[in-house]
Amino acid sequence: MNRKAAWHGLWPWLCAASVALSLLLLGLLLTLLLTRGLGHFWPAPLEAVTLTSGETFAGEVIREAELPDRSGQERLYFIGNRDNSAQDSHGTRFRWVSLDTILKREAPAQLVRLSRSPWGDFIGQLEAFEHSGQRLEDNAAWQALSQALAQPKNARPNARLTLRPLNGEAFIQPLAEVYRASRPNAMSWLSKVRYWADGVGRFLSQGPRAANTGGGVWPAIFGTVVMVIVMSVIVMPFGVLAAIYLNEIAQQHRFTRLVRIGVRNLAGVPSIVYGVFGLGAFVYGIGATVDEWFFSASLPSPTFGTGGLLWASLTLSLLTLPVVIVATEEGLARIPDAQREGAVALGATRLETLTRVVLPMAAPAMLTALILAVARAAGEVAPLMLVGVAKLAPQVPVDATFPYLHLERKFMHLGYHLFDTAFHGDSVQAAIPLVYATALLLVLIVLVLNLTAIFLRHYLRRKRATT
Amino acid sequence: MISPSRLRTAQPRRQFQDRLATAIIVVGAVAVLAAILAIGIFLLWHSLPVLAMPLPSITQKLTVLAWGTLKAALFTLLFAIPVALCAAVYTALYLPPRMRHRIKPALEMMEAVPGVVVGFIAGVILAPWVEQHLASALALLVWPPASALLAGLVWQALAPRRLPFNQAWLWLIPWLLAMGWLALWAAPLFEHYLLGVDLRYVLETRLGVDYATRNAMIVGIAMGFAVVPGIYALADDALSDVPASLMEGAQALGADRWQTLWRVALPAAGPGIFSAVLIGAGRAVGETMIVLMASSNAALISASPFEGMRTIAAAVAIELPEAAPMSTTYHLLIFAALVLFLFTFLVNTLAEVVRLRLRSRLLRLGGGV
Amino acid sequence: MTNAVTTPAVRFAPEHTSLCIEGLSLAYAGKPALDELTLDIPRHRITAFIGPSGCGKSTLLRALNRLHDLNPDVTRQGRIAFEGEDIHAAHTDVAELRRRIGMVFQAPNPFPMSIYENVAFGLRLQNRLKKRQRDDVIEWALRSAALWDEVKDRLHTSAWQLSGGQQQRLVIARTLAVKPDILLLDEPASALDPISTLKIEELMGDLKHQLTLVLVTHNMQQAARVSDYTAFVDHGRLIEYGTTDDIFTNPRLRRTENYITGRMN
């Protein structure tokens, strides 16, 4: 009996540990994303490594691991310089080095890191800066380069740089292909912070480069936002109308209850099923018919008969419809009948009662519904893979040519961009830091939206309780 | 003196606007209902050609997918049910309501993390690590939960007043972190001492187990992470709806808290917990991105936790964009989606009905005592 | 239950009758709530409905401005005439009917708007008045409800900040602003303190010079204090109807007497 009682005292600890474990997992996930996602933009120190073989190279330390074949450790360096033909690992940007082959590690201040457009990063020495016959060397060259890069892109001088990798021949690099330069080993703490903030800014405001291993996610952010806006414009009226019908007009019969359960369960239908419906019914069904009728000139290349912004938005509206209906209805149901009766007793019609009393009071609930729908849509990827998301959209869906909003165009989406970069890029290893940053951005957007909705709901309940 | 038209409308426009608005609302609602029905009808209509296909080819393909789907869901639930139900028991029965209302939204945040992010972490970061440190990973799965019991023993021996049990969720976090670190430190030593070589090497060479980097174990953990909050929230609701008077009655008869839980709370909330698990199963069956990214997507039938699977949802996501419209594959995949649709719809309806029934029963119980 | 006999309804001459109820029966989802009620409600008088809780007096009141239309489960038989006109006639505009027959509820239900907007609510529906005129009407309504002096300096603050008694008077002012012919009051003071109750009762006395009042109350003293006529309703039936003096000092039926003297719960 006593022993049994002791066990009874212990089992609840497993329960407490479950809560702790769940919170821990969530915390670990967020910490991982935060450190890796934001850490990527921090200017990492560069090393000049001399090997026992006499070879020298420069790179950034990524991580260490155990040697696969014998005891000891090896270290992974990011060395960049894909265009350096002297590099034996030509074409790759990473290099594993066994620790016992390293003779010397230094951190010379003059090591530069350049971000370039066709060949990716360069790590090495800046020998000279040539502009209109003038040749500047070493520190003067670095200063000239910094000044040139501080200008807007089209105002930069048409200069040429002479670059020398530690393990190769010097070569000429046109300035036009360089968009960022740093000397991380020579940077003060403050300038590192500035460089970091600048990097985050570029990530948010620029397009992807070099097969998604560089640049930013601006088109994906833009595409996601446009898609979510179009979706909201479609889903909100219908969701709110349906909620009003269910709560204010329909007689509370068995049928209404059935419809309500049906709507609730629709929220549990897998998102991929909506994608299938979107592809079959919207793209192949309606889209193909629209093409036949209005865009027959450009057939067989489809206009609306292929995935695009409109179909993606429509599909996600269907997906988020239950979210909107349930949240709105909850808000409507919480308004006391006395308010409706008060308006009606003053001679208000049903419409006037709705627009002047009920809907204003339900506005925060509708806002909550919108936020939840947007959060759901922003994180959803599976249906979009079927109905119109693109790896790299040549054109954004909004531009200055009529009709400004191009509903038939494919668009980029943060979640799909993440999936595609992490799984289908040609250099996943090099793209991983940016994938972390993208994942962090996505999680932050979705979590902030959800927290806002939770706060709104909580606030509403408290407000109702006090009056 | 009294004109007979006193109650006739003075403002026909208001009346007209009202009727128009009512009509618009009804039309909106009907449109929503029609859209819902359209999904079902579309799936049904476009999977009809499957009936004309030769049976063996259908069953062969679908069996693999169904197996994969069930396997993924099973491993998910294996991880998610214990964690979610235990967490629900703790927050519903051991925490003061105020604290419970703080923790619940925090746990529900787990569900908000997009599947594509969870899939990325699991498939690209976790899976390769586990492949290289299999012994450590297994130790991490086993040791920290066991260490919670140890924490309980220590606590009972020391009975510290500053660490009350209802705050255990908080100070168990550093404890678990420390124990996890301990497991990571000790596992390679044990592995070396007991086996002399890598555990995965032993599995593959001596036991003949195939090991895929992205396997059912990874899927189970990753999808478990996504499914836990859903099960937890509903189970927590069901358990906290159990009237306090019922439990106090049992405790007055001399049952301790754990016995009360087993004999009174769990049976009373049983249907609610059942519906929570159903909802979780529905979610696990339909989740696409996590499976797509964290499993090998190899179409094979195997029960091994170290091999992957291909689920219906993943197959649809991969194959449908490439299938020509109205081709055999197209119809077959739509049929698979229909199966998914019907399954989740039925499971969710069942769960909802059970939940509502239980709720009214418990309300009556609470009111009656 | 000795006197199950329905007393003959009190009738008034048409020119003195505001509402004429004939054979009114009501049922909630098949369960009868009112049974064959027939009575006239005199113009510019206060008529009180008394009776035990659940007897149907509130149901009767809500039938008078067709508030039961909101609930599709309610079925009705019989006729109600307002100023000689059937309120259920096909051409009736329910909104107009409800404007003419205003209603004040048991719990104050001001809208979540400013005091001014609460009173302006009904006026804005009509949309006939310019701002100056509207301001005048609002001031008049608030004065009539004996609230003006208390709120004139904070017309644009939220109505939910007022005390319960003030809220109830605000609701009365809001109803008066649309110039109703009849004011239905459903236990208007049951949620209020004695001082507020007194104010509302004084107000009713003032108002009966302008309009017809119908009061539902479970408080017999209140009915005796303010009303001119009293109807005793029990189990959905009209038991006795007459002048308040008659009912309270000289009831014809033992059942009425029992209720009034408190021998019946």
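Each chain gets a letter, A, B and C, in the order it is written, and its residues are counted from 1.
Everything that follows uses one rule, which is that a contact is a pair of C-beta atoms (placed from the backbone, for glycine too) under 8 Å apart; a residue touches a chain by one contact, two chains touch by 3 or more.
Note that this is a predicted model, so its numbers are computed, not measured.
Following the contact convention of this document, C is the list of chains adjacent to both subunit A and subunit B. Between the chain pairs A-C and B-C, more C-beta pairs are in contact across A-C. Set against the C-alpha centre of subunit A, every other chain centre is closer than that of C. In this assembly, the C-alpha centroid of subunit A lies 24 Å from the C-alpha centroid of subunit B.
Averaged C-alpha coordinates give centres for subunit A and subunit C that are 61 Å from one another.
Put simply, the C-alpha centre of subunit B and that of subunit C have 55 angstrom between them. Each of the following residues of subunit A touches two or more other chains: 349, 352. Looking at subunit C, one finds that residues 95-97, 125-126 touch two or more other chains.
Among the residues of subunit B, those touching two or more other chains are numbered 14-15, 18. Those residues of subunit C lying in contact with subunit A across their complex are 65, 67, 70, 72-73, 95-99, 102-103, 105, 107, 109-112, 121-122, 124-126, 160, 171, 174-175, 178.
Subunit A meets subunit B in the complex at residues 5-6, 8-27, 29, 32-33, 237-239, 241-242, 244-246, 248-250, 259, 261-266, 268-277, 279-281, 284, 318, 321, 325, 349-352, 354, 375, 378-382, 385-386, 415-416, 418-419, 422-423, 428, 432, 435, 439, 442-443, 446-447, 450-451, 454. Residues of subunit B that touch subunit A in their complex: 14-15, 17-18, 21-22, 24-29, 31-33, 35-36, 38-39, 42-43, 46, 82-84, 86-87, 89-91, 94, 103, 105-110, 112-121, 123-125, 144-145, 148-149, 151-153, 155-156, 165, 168-170, 172-173, 175-177, 225, 228-229, 232, 256-259, 279, 282-283, 285-289, 292-293, 313, 316-317, 320-321, 325-326, 333-334, 337, 340-341, 344-345, 347-349, 352-353. Looking at the complex, you find that subunit B touches subunit C at residues 1-2, 4-11, 14-15, 18. Interface residues of subunit C, counted against subunit B in their complex, comprise 15, 82-85, 87, 89, 91-93, 95-97, 100, 125-126.
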